[in-house]
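Report on one structure; see the data block that follows.
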């Protein structure tokens, strides 16, 4: 089966090293340290904090960093045989994505012909990778590392264009990026997943599920995302009251969301039991949904209402909508990103329109907010569809159906403990670090 | 068995949503952002840091946040079949508790009729949940989610009253809350556990123990608590030297405590082996015990002596006292919170009395310190006993003895990996996220 | 077998408590809080930040703290039956090491006869433990807790002497400690491993390998080290641009290193598959290698080139060099610290010589840089050899070959889940926390 030439030995190293070396060359030409001195073509930069200390945002950056690498990485380890890929490829894609994102996000406004790196730009670079990691969740288990590197390249490029249009040109307020990251990443991923539709997985797959310990690993991701989401939504907010407001709104939205996600999970499940899929994901929907409004004075109770609704919508989506999307629309969404990032992202965009219409943030226009949401969805769907078509080309090493959701197709996987006695009889193949 | 109607389908969602909606209504009436402007009835607030930056305490807050949600949550995953409940219900209770705690802690001193939220108040709200999570450890595996929500409501209410009396009225110094959080939470939980005594568990329970991997998950909690305890004890200290002192004292107390906990564990165990129960818990007793004294100038070596003693007392308690409490007093303390929070909390209170008597902190009175300890223990025991009686009412879905320490009574639990081949033969019931 | 008297019951508690009590006495004599006031024999201290706030470095400290206790601790949990020791002894050694390190590092420049503790000194104390934890990786699974405490005592002493010579006397710049911590710790550990050479392990050991879940636990360590390495390399840099530069260089070096480590792993492995050993370790080599240069203006692309090379060298080392060292030189390096810390540390030292020769940091001398590298390697090899000989004395409870890489020789280990039904038939010996 030439379409399933999944041996990565040359195609993956060549693609990865080519991308990295190309990136280094571009950095040699364009990227310097931000020395804090104003440039000749300096433009208004509200978030410039280097007057005080160039590292004042560093704790916020590290919180976001943890969300990207631990949060997203471990959240996806819920699958029983796909933990290496979840946390490992998450690291790979984000490590490349942040380099690429920093270039693409700043190519629009060079200073003296250069991109001057500072902590704020590093936070934004980390943010750009979040779009890819959300889309990764939709296609988790069904794509090769090469396909995913291509998706990273194309998705961050599309993201940077849309973000420039929405934030810089339309002057849309989207501080926690409900629209430009969450809804964008989700619908981009769903469009890719639609293009890569696998009829062979219609009746499920033995490995498309969790085991007890994999669900606990996933909770590491969930809890870190839940805890640090206030940093995500406030990291690039203006210092002072706007940043404090973004922290408080996100804190309370998530707290209310946790209660409604648990309550709804018990309500819709067999015998009133809680479902780990809901707890791992829907408890976070409040962070997504309050993103656009986070720095607006909607009041703590306003944030809590948004969180409450997000938790309900997300849980109901996992229970009822995901199976419909898979069965009727051919959209196989492994992690249910539509429920965690898609619908709550749209809810966030709509809440932002309402809040702006009610005058909760000066200098914003509800029509522009709506245009920002439309733009994000449009770029996501079109960009995702084109990216999906490119990823479908038969030489990227996509796994055959029977090897989906299984690390062993791209990773050396050690023997299982309970098989090891048996395997010893046939010679132990387990990894030996000192002698291997 | 009507007493064991453990189906949560309606009672849990109704209780959770009712509490959340009630809370949101109270927030709509009472809670606003802290704009940093002084109110008319402004009172002296040493910790008010908003003159500088309203987010200056945010890194400290996030450390505490990690202790509450990762630290306490994963510490309790040591049980072999109770990890979902440990980390999952920890999230639920803390998410509700922080909302309730913020209201109850600040209802005593409204500003212009409002509670003005800032980072300091968020830290205190997180702190208030710690009492519940400590008590949760005592009853772990033996209570329903509804019972635990009721405990959260009542315990935080009791805590807020005692804290107001001890800190505001008696002017007791308890910066790291050895008395008002740790001893309080432990004895409250032990009183609840006494009320919920289960004779059927006198001879132990198959699931009341760990497996290899669950002990490793628990170490995630242990290590995070150990690392961030200096933040817990210093977060609300006065800026400058008092905060630095609290950090340093806690850092060295914990370091000395680790050594004495390891040494004592080896000394009391069969063949001198280390016991994971001791390592997971007793290494932290130094953080508890130095809490009251943390901001006092007891010297690094003073802190180390407190930590050394705490590690010994805690380990010896696990080995010898916990079985006695269970067998003779009917107090079944699942996590041994008496050894980690109870006795070290009292030790902290006593150390505080001595340090204050030696003049290690200006403006404090040893008699008042002693009164603070007595008040905390009194409110804990009485409040816990009453709460335990309410929790014992037969309609909260308490699990029967044979289902204790088992997630599957309240959670959808996936098939185990080693059973999956077998289960496939009978139809795979494993969770399928895309199709479920 | 008297050489294998592995019962720790008295020797371990006696050694641990003696060291701790001795340390407390020394602290009572020498260690006080840093009150921020200049002392009489005050010397130039660039990093003194107490003019602003005494806790300004605290978030950096906590990042380093997480690297030491979570990062190193969990990185070593990859072995299938050695997780308790990895994360548990890591905690023990670092807890003692930081106390000892703070004394030894500061005994050279007392202020008014005292060591004045502040956050900067706590960061340096944490750093000193990193050397021990690196060496621990080389001998992982083959040493007793008593042997490791002795190694901690001797290695930190040696480290403090070498650091004083290199940094204070030779005025070498090594901000991220590629030479003084990473190369030093690796070659010290390799020298110890050589002295403790075990011919009986030449053909490998059943437990010297990973299982699926242990590799995931190890990734917790990897990802935390990867994320927080910019803090490691910048924590003690001068405030302002030097610190920002160190953060940025490390961020990009690690990103490039991740790509090259993944690419090289796929290139050298059977069928192009990724190997978890490489991903867990070689992705971090960029942080090691950029350490010496981190605060030099080598440009983001310069940092990326260093990272790219480090990822390649490290992966190739794991694949080809480690087996040669074990087979031909008798150096059994359990975690492959030579590949993660040894060679990348030397690469870092060499890059520093080049960068200094190119004038990338004022006030530095390439000859002195080279002397600093030579000194670090010399002290490591000689110090490690002597320490190894002392550790080889037959009364420290070293495990026999067949019990290597197995927690159960020094820890109470619970029954495995899949054995538990069987074991119940013979009486359940599993740990019961309430009744034990």
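Every chain is named by a letter (A, B and C) in the order it is written, and numbering of its residues begins at 1.
Everything that follows uses one rule, which is that contacts are C-beta pairs under 8 Å (C-beta built on N, C-alpha and C of every residue); 3 or more make two chains touch, one makes a residue touch a chain.
Note that this is a predicted model, so its numbers are computed, not measured.
A complete topology is adopted by the chain contact network, contact being made between every pair of chains. Comparing the residue numbers each copy contributes, subunit A and subunit B share less than half of them at their mutual interface. Inter-chain centre distance (subunit A to subunit B, centres taken as mean C-alpha positions): 32 Å. Listed for subunit B are residues 59, 213, 220, 416, 418, each touching two or more other chains.
Contact residues on subunit B toward subunit C in their complex (touch as defined above): 59-60, 63, 78, 80, 201, 203-206, 208-213, 215-216, 219-220, 223-224, 226-228, 231, 234, 239-241, 243-245, 247-248, 251-252, 254-256, 258-260, 262-264, 266-267, 269-277, 279, 283, 297, 299-301, 304-305, 308, 318-319, 322-323, 326-327, 332-336, 416, 418.
For subunit B in complex with subunit A, the residues that touch the partner chain are 7-10, 12-13, 16-17, 19-21, 23-25, 27-28, 31-36, 53-55, 58-59, 62, 65-66, 69-70, 73-74, 77, 81, 83-84, 87-88, 91-92, 95-96, 98-99, 117-119, 122, 145, 213, 217, 220, 410-418, 420, 424, 428, 430-436.
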